[in-house]
Amino acid sequence: MAKRVRRRSQKVGLAPGTLVHVGEETVQKVSITVMEYGESGLVAERVVNAEQLAPPRDGAAVTWINVDGVHHVEIVERLGTAFGIHPLLLEDVLNTNQRPKVEDFGSYVYTVLKMLSLKPGGRVDSEQVSIIIGDRWLITFQEGKAGDVFDPARRWIRENRGRICRMGPDHLAYSLIDLIVDNYFAVVEDLGDRLDALEEQLLTSADPAALRRLHDLRTELVTLRRSVWPVREVIAGLQRGGSALIREPTQVYLRDVHDHTVQIIDALDAYRDMSAGMLEIYLTNVSNRLNEVMKVLTIIATIFIPLTFVVGIYGMNFDVMPELRWRWGYPVVMVGMVGIALSMVWYFRRKRWW
Amino acid sequence: MAKRVRRRSQKVGLAPGTLVHVGEETVQKVSITVMEYGESGLVAERVVNAEQLAPPRDGAAVTWINVDGVHHVEIVERLGTAFGIHPLLLEDVLNTNQRPKVEDFGSYVYTVLKMLSLKPGGRVDSEQVSIIIGDRWLITFQEGKAGDVFDPARRWIRENRGRICRMGPDHLAYSLIDLIVDNYFAVVEDLGDRLDALEEQLLTSADPAALRRLHDLRTELVTLRRSVWPVREVIAGLQRGGSALIREPTQVYLRDVHDHTVQIIDALDAYRDMSAGMLEIYLTNVSNRLNEVMKVLTIIATIFIPLTFVVGIYGMNFDVMPELRWRWGYPVVMVGMVGIALSMVWYFRRKRWW
Amino acid sequence: MAKRVRRRSQKVGLAPGTLVHVGEETVQKVSITVMEYGESGLVAERVVNAEQLAPPRDGAAVTWINVDGVHHVEIVERLGTAFGIHPLLLEDVLNTNQRPKVEDFGSYVYTVLKMLSLKPGGRVDSEQVSIIIGDRWLITFQEGKAGDVFDPARRWIRENRGRICRMGPDHLAYSLIDLIVDNYFAVVEDLGDRLDALEEQLLTSADPAALRRLHDLRTELVTLRRSVWPVREVIAGLQRGGSALIREPTQVYLRDVHDHTVQIIDALDAYRDMSAGMLEIYLTNVSNRLNEVMKVLTIIATIFIPLTFVVGIYGMNFDVMPELRWRWGYPVVMVGMVGIALSMVWYFRRKRWW
Amino acid sequence: MAKRVRRRSQKVGLAPGTLVHVGEETVQKVSITVMEYGESGLVAERVVNAEQLAPPRDGAAVTWINVDGVHHVEIVERLGTAFGIHPLLLEDVLNTNQRPKVEDFGSYVYTVLKMLSLKPGGRVDSEQVSIIIGDRWLITFQEGKAGDVFDPARRWIRENRGRICRMGPDHLAYSLIDLIVDNYFAVVEDLGDRLDALEEQLLTSADPAALRRLHDLRTELVTLRRSVWPVREVIAGLQRGGSALIREPTQVYLRDVHDHTVQIIDALDAYRDMSAGMLEIYLTNVSNRLNEVMKVLTIIATIFIPLTFVVGIYGMNFDVMPELRWRWGYPVVMVGMVGIALSMVWYFRRKRWW
Amino acid sequence: MAKRVRRRSQKVGLAPGTLVHVGEETVQKVSITVMEYGESGLVAERVVNAEQLAPPRDGAAVTWINVDGVHHVEIVERLGTAFGIHPLLLEDVLNTNQRPKVEDFGSYVYTVLKMLSLKPGGRVDSEQVSIIIGDRWLITFQEGKAGDVFDPARRWIRENRGRICRMGPDHLAYSLIDLIVDNYFAVVEDLGDRLDALEEQLLTSADPAALRRLHDLRTELVTLRRSVWPVREVIAGLQRGGSALIREPTQVYLRDVHDHTVQIIDALDAYRDMSAGMLEIYLTNVSNRLNEVMKVLTIIATIFIPLTFVVGIYGMNFDVMPELRWRWGYPVVMVGMVGIALSMVWYFRRKRWW
């Protein structure tokens, strides 16, 4: 089955609330995992299919449903019905061109984030992650492009490590957001390393390919910044949003992730300044080198032009040209020309043109 | 009847509230459609003329009056009298240079938006849409340039599809705004496709026509951004405006359209950055190519200038030039010149000028 | 009597509240017009001299005093005393370098605006208009440069047209501000027409005079924007200022003028972007043309330089040059040179330098 | 005694509140003037030395102490003790690198401003003025660089002119600030005059010295703007600061000075735009002139290069060159070369290269 | 033991609150100093090891614990347990890439700052300083790169100088922050001196090395600004934060440090503008010099090209060339060529090309 990409414009004319997938189909089969855990650790963990989805039972403290792949409209719809979720939210889950944002629907809070990952060729790939925080449940949707980034959280729950099992779905949501933001550091540091390597290259040679690579890195920096910038607002919105679903102790943790996003944006700004400086140096290098070439060549040409004129004079065929008859005419002219050349070199040097 | 364009400056000196049409006359005949519908679906749908316009009857839940063409001052005036609308609002309806805005007049809310459509040649055309949201009625004015963009909404009402019939005129207004904003996506994606195509072209050739096309696209991007930017504020104003006419459930929907406008602005910003990068690459390409040409040509010239000087020497007509008499003089000079040329090539290569 | 221009710096060292005229003296004689009107229309209209100025009588609803020319310090002073106006306000009336602003003095509101008019040569001229809104009176000061822009308002009062006579001095003030802002449209549209005309010219020829004209238009755009920008704040200040002198129904009207100023600023921004794009295109045109010239000329030179070297060889006077003796030497060399020239042309064409 | 300049970094490691003078020592002897005045005018005026300083007596309404020269730490310290002034404030008085600011210490308000004056060479010199507004006293500190700018205020008090004697120390402070800001106008207008003169020069010649002068003026503009900008905030802070020491009637006056600073900033912005435009025009002029030179010269060279090739051909020494033997060979070649030259000129003209 | 640098990305996948050191290991051994002091001066001063750390005893008024070196996770952890500090705060202490910030944890306030120091080569080095302000204790962490910057504070405590001993830990925190900010002045002034020296150099020669140095200085300026900017917010946050731990009298002092940071940012902005102007002048110098060279050389070439053509003519070998036979042919041609050269020089001079 080939990948299909649906675009936003195909939704024009459809009634609001009509569920349509917008984006790439990245996995063949949608997989749904349900984890139930309480203060004493993991209660149950199952891989289910869409028919088995049901609102959380009373027993477990927290139910976490993770859906990998969002192109199956029916599965998303069924989940929405089971948990009483607003159709507009489901539309946003299906539309993978969403901007990071947080929305408070009263009985649940909806957050969209972008997961970044490094593709082999060095390009940054982005994947939409939706998190719905309920009273005692949490639903997450991933596109399934970059493997499952939530694995560490699953391990912590299974091993009942840290605070994750003792706290509610808001703390689980924080842990997942923290995992996503931690991944940003890896992407940003990789970018920084490539910039450093490129700087070395640009300072030693004026290779146009390096310029192209710099241009690509700058484009990536801008894209990255545009992805991370709203994440900061999203986390600030979660922290200060005033929803009762985000409890007091989780807010300190969210402030911490917020600081991390600010750090990332700072780093990206520093890289942007650095790359601007590199471009400036590169262009100065290129033009300096060209200027140097042009100048030396022009000087050589200018020295020989008057000399060529002189030899032209003595190539004229006038009958009466007394110099031509002189015994020492030839050597005198040759010495004279050497004199002209030397005095021009001296003049250029004195004027600091050479 | 030829199109006439009236300009804003022709209103100078007229008393405020004097109704004058400002803009293009795009349709020959103004057409007025009235739709009445309630929870059970469509009640009545008529095409009327200006004389038949009257405030909504008690029976139907919602009355929607749509006017195509705003150059007939009398029709707008009659509508204004029938529904008790402020003369300044009517002035704004007639003036098609309005900036998108929302104004709360207490018993009705007035919104001006711009409808964008793609003209065959790829240019974006804009048309003013006015929406007046009353308690149980809704009046819309279109310029009539780009066909009737509200058709899908009419179909939903006729087929009693979605929520549209079960809710008030505020939800109808939302549906119409959503249709307008959905159309923006089509325009923006088309622009993005043309930018992508142009990028390919710019990277392979330094064609001045491509530069001109890039310039046109950038102008369009800026115009588009200027059209969409205030729409965002307008929708935010409707949503948070605090008018009792915009009911609670509609506000969630308006927040959704608001997100769409933010997405569009984000896309436009990304395209702007992309086009700036393309311009930079194009200019670097052009200057690199010219530099390369100049450099190689200058080098060729520089190699031959000293050689021409040498042959000039042996073209002199001095009586006493012993070299000219030598048997091997000619071949020696020729070999010497090849040597000079080779050493200059070697020097240029070592200096990396070539 | 010659025009005299007094500058702000001449006030250094004078005690605050000392009345001094700063600016051009534009009319020889200051003229003062008094209009009294009520709901039933115009009551009295007189041209008075400074001695006859007195606070409004009880009979008429609104007294409007208009002063043309502000260089007569005594007249302004006398008016100030008669109406109990703060000396700092009078100082501002006399100083024609005032920035548009609104100030609430409690029992009256003071507004300074700039009236723009087109001078014959296409230059925009600006004139300061001061409006003092009292409880039942209104005083206006004009510099008198550009004729009387308030004539239409006078006509509406005389003919008792529109709402102007039925409402207070705040509505009269609104009408005057509306007349001023309407005039801005004329100035802005004229600028737009000149920009359009210039664009045509710039695209067809790279005339330096056109560049100069573009530069002038851009300077005018910036000046205009600087004049109109604070007007927007002024009108917003009047509208939302909370002064009891600006009554409720007038505020809707002021909101309308406010929208007009926003429209004008939008248009000016669009023109600025357009002019920036024009400059870019012009400079690209100029450099493209020069590059083209340089390239073709350099190519011609480069083709002939090796050929000149070749003919130089056979101009040498060596005794032993076998080719010179050959029967077909001359034609062979000529054909060879044609070959060299053609292969260089072919090479340049293949490299796409030509 | 030589001038000594102390720098801020010399304070590193000193305990906070340690009083150290930072800046230039500009006058040899610190002079202290005390003026006491009430509603009936001047009561007493003395030049005192540091030992005689004492808090104001009960009799006079306002006591104004002016200190010229701030490098004598002991004098400042003694004043601080006598009037109960916070040591951090005294530190700021001594440090002449202070940024303009206003600080409310409860029982007194502290303001730092910069006094600007024109040095003979056209450079703008700045001097720190500190004003401490107490309940019934006012202390001012000047560096003493530019003579005493407060002289007019002293005259007004002596002659009991204007409102100055009838109001408190807040109005005296306003008068002094007004004198300082009035001086800004002189500096700004001088700058404007020099810009106007320079514009004339730049448009007629492309003199590098003019560019240098433009650069200097732009630097001065930026420095000036940086000095005036915080003054605006300072005056706004005084006006709206809510300190009981700044009484109601003085606030109207402060609003007036505030407007003056806004006017000055507006003028500086206009000059900055103007200078940017001048730079643009200058650079375009320079490059246009160079392009013109290069183009004409290259054209001349290009015409003669093929001609030189032609004469080279007939300078070859082949035995068999029939043209050389023709009777009309020479004139035909000469006419042919004229033809080549003319057709090249025609070609260049048609291509509009010339 | 070699220095090891741990990077932020190595924390990906670790549970939040896991303590890991991120940054350089700069000192071999972590040293911990405890100072206890009250109103009467220093009570006790000890160097302790991690095991001896304990919450403050009742006796002394203030306990100050300073830790030099933060790469020993266990020491930080033990301190955290002893004083009941939140694990996220400890994470921030260990991660030396922190952005300056202030966080209020209720029973203590946490501040991160950057200490700047000048390295021998002129580079600015930055080191993270963490300050935790408790009720009666203060904990500080330094990386230990640049010696102990807190020494002066220790001396003031030992000698019971100034207010430091009479006030709480908030005043001690202020004193430490003041020491850090005072150090910024030294760094900024050093940068200013180097800029001044560089300006001299750039104006006299167009040395590419100077450009490189300018580029380095500008990078440093940007880095510095990015370090100092958040410090301003941090101090404002401390001052206005509303924490009961920062007492009233300390707030006046913090306002003073806040002013210092604003002064530093102002100075950095001025240096940035200055360096931008220097770059502009340098580039104008370089291009002026190149233009001058190119112009003179082109003029020389252009004068000799027609002359070379002329001598080429008389080098032709036509049998019938009457001029060649004339007696005065040679001198006439020579004089003619001098005439051509002179008239070209005259033409160039008149056109002001030379």
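Order as written gives the chain letters A, B, C, D and E; numbering starts at 1 within each chain.
In this text, a residue touches a chain if its C-beta (ideal position, glycine included) is under 8 Å from a C-beta of that chain, and two chains touch if they have at least 3 such contacts.
Because the structure is a prediction, the values reported are computed rather than measured.
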Hey, how far apart are chain A and chain D in touch steps, shortest way?
2
Between 0 and 180 degrees, and as a multiple of 5, what angle does the rotation take that fits chain A onto chain B by Cα atoms?
70
Distance between chain A and chain C based on Cα centroids, please, to the nearest Å.
43
So how far apart, in whole Å, are chain C and chain D when each is placed at the average of its C-alpha atoms?
26
Return the residues of chain C touching two or more other chains; collapse runs of consecutive numbers into ranges.
294, 298, 301, 305, 308, 312, 315-317, 321
Pairwise touch network: line, ring, star, complete, or other
ring
Chains in cyclic order, anchored at chain A, direction fixed by chain B:
A, B, C, D, E
Considering only the defined contacts, which chain E positions touch chain A in the complex?
7-9, 11-18, 86, 88, 91-92, 97-99, 101, 103, 105, 208, 211-212, 215, 218-219, 222-223, 226, 286, 289-290, 293-294, 297-298, 300-301, 304-305, 307-308, 311-312, 314-317, 321, 323-330, 333-334
Which residues of chain E touch chain D in their complex?
152, 156, 161-164, 174-175, 178-179, 182-183, 185-186, 189, 252-253, 255-256, 259, 262-263, 266, 269-270, 273-274, 277, 280-281, 284, 288, 291, 294-295, 298-299, 301-302, 305-306, 308-309, 312-313, 315-321, 351, 353
